[in-house]
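Note that chain A is present in both complexes that follow, paired respectively with chain B and with chain C.
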Partner chain A sequence: MTAGSGEPKVDVQADGPEDAGQWSAKLRRAAVSAFPPGRLLPDRQPAYVASWIYVFGALTLAALAIVVLSGSVLAIEGPTWWHLSRVGLFVNSMHLWSVELFFFFMVIHLWGKFFMAAWRGRRRATWITGVLSFVVSVAAAFSGYLSQQNFDSQWIATQAKDGINATGAGAFFNVLNFGQMLMWHILLLPAAVGLLVIVHILLVRRRGVVPPFAPDPGDLVEPDRGATAGDPTVARMAAP
Partner chain B sequence: MSATLTRAGRTGRFRPDGDVEEWHGRYVPYDIVKEFTASFLVVLLLVLGLSVVFSSPDVHPVTIRTWAQHAPIDFARTAVTELAGMSPTATYGPPYNDTAGVSQSIGPLSLERLMGVHHPINTALDDVIDPLRTLPADPTLALAITRYTSAAAQTQKSWTNAYGTALVHARFTDGELSTRPGRYGPVALMIGTLTTMARSGALDGALVSSNQFYGTDYTKPLLFMADGAYLANLAAAQHLQGTQWGMMNETGNFPGQSWLWLYTFWYQIPPFTNSSNADAQIWAIMVVLTALLALVPFLPGVRAIPRRVRIYRLIWRKHYRSLAVRADETV
Partner chain C sequence: MAIRQALVGGLAQSVIDLNGPGRYVHWGFIQISVANLVVIALMFVVFVAAILVPFPKRRGEDR
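Up next, the complex of A and B:
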């Protein structure tokens, strides 16, 4: 490769050794180290991941995908379309019900992770980003209710203003300003939710699914056999 | 492959609510793409089914026009309070105006007072006088407006008080407000004209319009409507009042923002039902609770709850059962 006139010639081979000090090279090494392909897109998982509760994370993401897709169609057609068109009303219905399911799945996912103590093993950031995703999703849904342009949004706006104003946020988050709320709903808050969810998922892939609590005698009872803590089998398992 | 658990490579005392044993046991095939695709299809079918069966609510918005047409006396009474500067909006304080002593606070801290006035509203000018000035030239109306605006504050107050009292027993017939005779000054003409203007739909446009052609800010008309009783009565019929768990409900029988249940809950119980600082207090509570939820991993006692209530035994029952069976076989 030849540099421009007046500059020294620098020959770099496409498959040559990388420049270790380069920012791009450092970023690539860090990314590959944190997320090797097998961890980012796994085809194996620990055998203890065997419960229906694990499905709710994927269901939450699936519902979020439908929220985004249906919302995108509404955005393409504009904010008044769904009030005037039967197809628009149907797409709005999909948006509404996917939001309802999104929160339903997310709350079950959250409680499931709580009862697993899923923050254990350097997974605190995973828990925190999950909680933040929930909180910002509530704000995103709230701004959506304000953007409906119907009686519901009128009433919610006039009632919610007192709470928002009491925090001082009413100065820059005016729930009575439809244009402002629509912008928050279709750009700022979805972007925040998307970013938090991506970070959350990457942290899950980075740290993996939290392992079970170390077994104690009670945990090793076979439910089908109705064994108790006094069961000889249990006693043997409890022994170090 | 046997399921063995060994201590993670960290030093210090093992904390069961913060540390884990590294997994060196069995792994099973897992197709993450297939799982997401199946989840997506299941949720899509659910969403399609719910949308087909239940659709979604869309109750038409209230306009100043429909308000003045269906409840002209309520409209006129509200308009008088706006003109007199006595309406809830006129006396709200920040961020709408600088009324002193009304801002919500927690102790000495008032965040809305701290942030100040950001959406200035002078209800007499914005809701009554300026819209009337947009009407085609009417010498009588122009004279009435001039007479009102040039009168002393005490005189204005006596007119608006007298007319506001008279409207309690007013009637609306043949498109006209009729009250018993009294010393209303120019106020009766101004409010009567504003009511006619509102019933025609012209006031809706006057309240939204600004110095530019496009407008998306409905702050003024929404605050105006919220000051009247009409909007609240419609909301009560749709079980949307604050005492009916308000914002978490949706019009009709649709599920609303049920995830706001805890926030709405506080508004249903003392002392918040009677507190003039309820909004600030409830927001403070919710901020603290949300922070506690996010910080559960750091809270001794709280982070131990999962280990103590042992619901995890249901989640990982197959894992513990396999350990028990394997140990039994070994023995």
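Up next, the complex of A and C:
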């Protein structure tokens, strides 16, 4: 079905009137209403996004993709391979350094969004899912150190056990139990990070990228050009 | 191959000497490794650069 402008129109209607009350039809209508395709995968962003500080969210996602891919290869091949073979050592190092870059980019993204007060404009849930992603990622990285299968992981586990036990989490998160830590590292925590990141991105798409603070009215007047009310960039910046 | 490994290994060692215990900075109750401090300093530098360095414009874009 196409609209008059030639743009394809998304068909969200139920197959028949009697199907409109089904949960699948309701869910489809709600999903398309919240995330129309143009909003879910936009072609353009507002003018204020043309700054390097807005790049670090995407860089964090790129690093996360490399983390997951290299971790998947490590899971297929196993510890003997990643400790002894040259390719295994390379993929092991790639997993480590992509995690380093993941946190590097995520912290800069966090600083940028903090100083933008990115929770403005009904974006509290976006901020909170970002914070949770960071915290769960720290736990995922920690369980990764415990899953290396070397003296380093044994040292970290014995040093961490007292601190973890003091919090009470040791009852179900035993850092000396390698099998349990491996399962946390390759299943539970990556699943949690992945879910939080997906929700975070969907919320960014739903609410849009946070705009800069509106400048003072006096700042909008440039003496040599006169009033800038007609400047589309300024108009967008001043919008709530 | 041995020569190449010696050259590459020697070059890496001349930049960062990993043969020995890590170096730490003590400042009151704060204790941090030099390596972690360097990473944090790098993050600050990249953060400031991301704000100050102009973003490239599209060809023909006037804003």
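Note that the second predicted complex is superposed on the first by the 198 of 240 C-alpha atoms of A that agree within 3 Å, B and C clash if a C-alpha of one lies under 4 Å from a C-alpha of the other, contacts with A are read in each partner's own complex, and residues count from 1 in each chain.
We take it that a residue touches a chain if its C-beta (ideal position, glycine included) is under 8 Å from a C-beta of that chain, and two chains touch if they have at least 3 such contacts.
Predicted model, so just to flag it, every value in this text is computed and none were measured.
In the superposed pair of complexes, A:Leu189 makes contact with neither chain B nor chain C. Residue by residue along chain A, chain B and chain C are tallied for touches, and B comes out ahead.
After overlaying the two complexes on the shared chain, residue contacts for A:Ile53 are found with chain B and with chain C alike. When the shared chain is aligned, chain B comes close enough to touch A:Ala65, but chain C does not. Contacts of A:Ile108 after superposition: chain C is touched, whereas chain B is not reached. In the superposition on chain A, A:Leu74 makes contact with neither chain B nor chain C. Of the two partner chains, chain B is the only one that A:Trp119 touches; chain C does not reach it.
Residues 47, 50-51, 53, 55, 100, 107, 112, 233 of chain A are contacted both by chain B in one complex and by chain C in the other. Listed in rising order, the residues of chain A touching chain B in the complex are 41-51, 53, 55, 58-59, 61-63, 65-66, 70, 82-83, 89-90, 92-98, 100-101, 103, 105, 107, 112, 114-117, 119-121, 123-124, 127-128, 131-132, 135, 138, 141-142, 145, 148-160, 162-163, 165-168, 170-172, 174, 176-180, 182, 208, 210-215, 218-224, 227, 233-234, 236-237. Residues 3, 5, 8, 16-23, 25-33, 35-36, 39-40, 42-44, 46-48, 50-51, 54-62, 94-95, 104, 111-112, 114-116, 118-119, 216-219, 222-223, 225-226, 231, 234-235, 238, 240, 242, 246-247, 250-251, 254-260, 277, 279-280, 282-283, 290, 293-298, 303, 305-307, 309-325, 327-328, 331 of chain B are the ones that touch chain A when the two sit in their complex.
Only residues 39, 42-43, 46-47, 49-51, 53, 55, 57, 63 of chain C touch chain A when the two sit together in their complex. On chain A, the positions that touch chain C within their shared complex are 47, 50-53, 55-56, 100, 104, 107-108, 111-112, 232-233.
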